[in-house]
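Note that the chains take the letters A, B, C and D in the order they are written out, and that residue 1 is the start of every chain.
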Amino acid sequence: MQTQSDAQAEKETGRLEAFSDGVFAIAITLLVLELKVPSIPPAGATSAALGEALLGLWPSYFALVTSFFTILIMWMHHHAILRNVHRTDSRLHFCNGCLLLLITFVPYPTSVLAAYLHTPAAKMAAAFYAGTFVLVAMCFSLFIYGAFRPHLLSRNASARFIETTHRNYRLGPPLYLLAMLAAFIDARLCLGICTALWIYWAAVIRS
Amino acid sequence: MQTQSDAQAEKETGRLEAFSDGVFAIAITLLVLELKVPSIPPAGATSAALGEALLGLWPSYFALVTSFFTILIMWMHHHAILRNVHRTDSRLHFCNGCLLLLITFVPYPTSVLAAYLHTPAAKMAAAFYAGTFVLVAMCFSLFIYGAFRPHLLSRNASARFIETTHRNYRLGPPLYLLAMLAAFIDARLCLGICTALWIYWAAVIRS
Amino acid sequence: MQTQSDAQAEKETGRLEAFSDGVFAIAITLLVLELKVPSIPPAGATSAALGEALLGLWPSYFALVTSFFTILIMWMHHHAILRNVHRTDSRLHFCNGCLLLLITFVPYPTSVLAAYLHTPAAKMAAAFYAGTFVLVAMCFSLFIYGAFRPHLLSRNASARFIETTHRNYRLGPPLYLLAMLAAFIDARLCLGICTALWIYWAAVIRS
Amino acid sequence: MQTQSDAQAEKETGRLEAFSDGVFAIAITLLVLELKVPSIPPAGATSAALGEALLGLWPSYFALVTSFFTILIMWMHHHAILRNVHRTDSRLHFCNGCLLLLITFVPYPTSVLAAYLHTPAAKMAAAFYAGTFVLVAMCFSLFIYGAFRPHLLSRNASARFIETTHRNYRLGPPLYLLAMLAAFIDARLCLGICTALWIYWAAVIRS
């Protein structure tokens, strides 16, 4: 049986989780606002023209899907990590807050990418996109560090899980940095790496 | 009495539900952003002109109501399905993630439909709208498949409910495909089928 | 002690509440998107000009505050009503869904009101605003009817509360209709009535 | 053991918390909508031009970060305060409602600040920003007053926490007023004070 104080600590963790879930859910849903209705002059608004315009938005769809799954996978890991945490303190709240700041920011580079992927500025747009994820990955590492301190861990926290998580995420910042640098060679190469990364992290989830 | 591990598994399912609920609730509320305030030049901004402009937005209201109820009904079914599930795994998370991606996307074809229903591009706008729901329905089937695997079902899952759900939803993708094809005959026919479909699924709910 | 089935029924009600809370919270927060940053040509962008522009937005602030408190008060009543409900069924879900549709719609007439309160179209804008609340109030009555059916009530539901609620809300639709008609005399009269109404309903809350 | 009525009262408090959390989470996430994709004429859309445009948006990033942490810290205090509260009444709901109104408003002065920090109207934009937080801080004091009434406090409420909270927050309104007045000397001075304030409140959290 738990003591009253354990129950209280767990309720705290629950509220941190619920707030974070809310921010993840809203950020993931706001991504759609990036998509703009094509504006075709009334004279030329035929079905063919609209179909072509909607197809021409493929960079927007691609950016939306990439950002969506990157955030979703991060939410799943966030969730798996907090399952091992029994107690919060102000440092964990602060680390988590930095992560949430970056998560709420993601729809912006997604919009920039979608707007400029067709233009000669594609390289900078892709670098800005990957650069945001460098910061996101750094904040995620900060969050892992904040969560996995001994006095916060729950009794049934798995040492193996903690070790695996540290190992999997250590690679986040350098790999996104690589993607960012790759953008200056070719924007598509950068986005290919970003896509490969969320697929990789999706694959390592064992929930 | 439940074992500790059952309680943990159920908490997991609860968090998946809560996150999904958040995404459904946000997507359903973002639909209103599709509605644009009519811009009447100051010289002509009389009550009569504003009233006419607000009435002229009926395709927007229609699209809003159709999308709202389609998402709401889907949330109710999502909810009824998860009531039979006791445990989650990464495959269910992934199937659910695909469904959520499509749900967050719905406000976009809704805006496109509202913007072009008055124009000669109405057929393409309606086809794009119904085409989105072909994908939504396919993801919903994927979600049902992900949820109704034996080791995830709760002890009091109803075999009859599972069978009925499979039967009811098997029809989703082909019927929305029919609506999509109907759009190329007449946009209104397409929207009529979409409306009939959410009313049909509303009717089959037994919660 | 509750039976298993009671616990399950209560969990259902909890999920309906949580989803509705989400929609109320999002709709109330989206109201701010109605406020547009004043666009002053760079040449004239002095502090005095910006101050004047921000003051000139008072109809927007007024509309925001009115809509905010109207939705907030309605959420509080929604909440007080569901406290007496132990069980949900598909009819209650449907009644609640209609209410949520109207709640998500509120930011739109709020924007229209803010945009046209300074113009000769103010009467129509105010009538559209109050007219939306006629529908909201009708859906709220529908929701009350859906919630207060004997087999859904919890054992400790208060007969006096039910009666008072019915009496207080019966007045909603005709009073908002009055506000709507008053708009055609003077937009300010209409808004005065809308303001008086949320203050009245705030006063009758005994939570 | 709790009595049934205590459990009910606590559930009420839980729902107030959950609703408030929702509003905080949404307001904090909507801040990103303030950031506009730079519009560079297609002819000049090079990577260098886009990079320069994205760097030129630093006032927007600064405003975003300041508002984000101010709201986040306030959420953490809101949370710490409600932990000491066992019961809600309509006065607490009303005080909390006023606070939420101001929280949902924050994205607007943030946008105004970002849009005008580069212009001669910077002083007014900063004063409007700090002025909003004068009102936020006043509502926060109102919320503290509403929450810390003896009959609402839980049995294990800490007298020391209550006293410290009162002392820490009493300073909010005058300090933001000072920031607002400082804006008329220099916009940067005003923003420096606002930044110092959220760092100060972050430091006093002992959760």
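Just so we're on the same page, a residue touches a chain if its C-beta (ideal position, glycine included) is under 8 Å from a C-beta of that chain, and two chains touch if they have at least 3 such contacts.
Not measured: the values here are computed from a predicted model.
Looking at the partners of subunit B and subunit C together, they share no chain. On superposing C-alpha atoms, the copy subunit C sits rotated by 90° relative to subunit D, to the nearest 5. Subunit A and subunit D touch with mostly distinct residues; of the residue numbers seen at this interface, under half occur in both copies.
Chain centres here are Cα averages; for subunit A and subunit B they lie 24 Å apart. Chain centres here are Cα means. That of subunit A falls 34 Å from that of subunit C. Counting partner chains per residue, subunit D shows two or more touched chains at residues 18, 22, 26, 30, 33. Contact between chains, per the stated criterion, is found for A-B, A-D, B-C, C-D. Against subunit D, in their complex, subunit C makes its touches with residues 17-18, 21-22, 24-26, 28-33, 35, 37-38, 40, 42, 45-51, 54, 64-65, 68-69, 72, 75-76, 79, 83, 202, 205-207. Chain contact summary for the complex, subunit D toward subunit C: residues 12, 15, 18-19, 22-23, 26-27, 30, 33, 88-90, 93-94, 97, 100-101, 104-105, 107-108, 111-112, 115-116, 119-125, 127-128.
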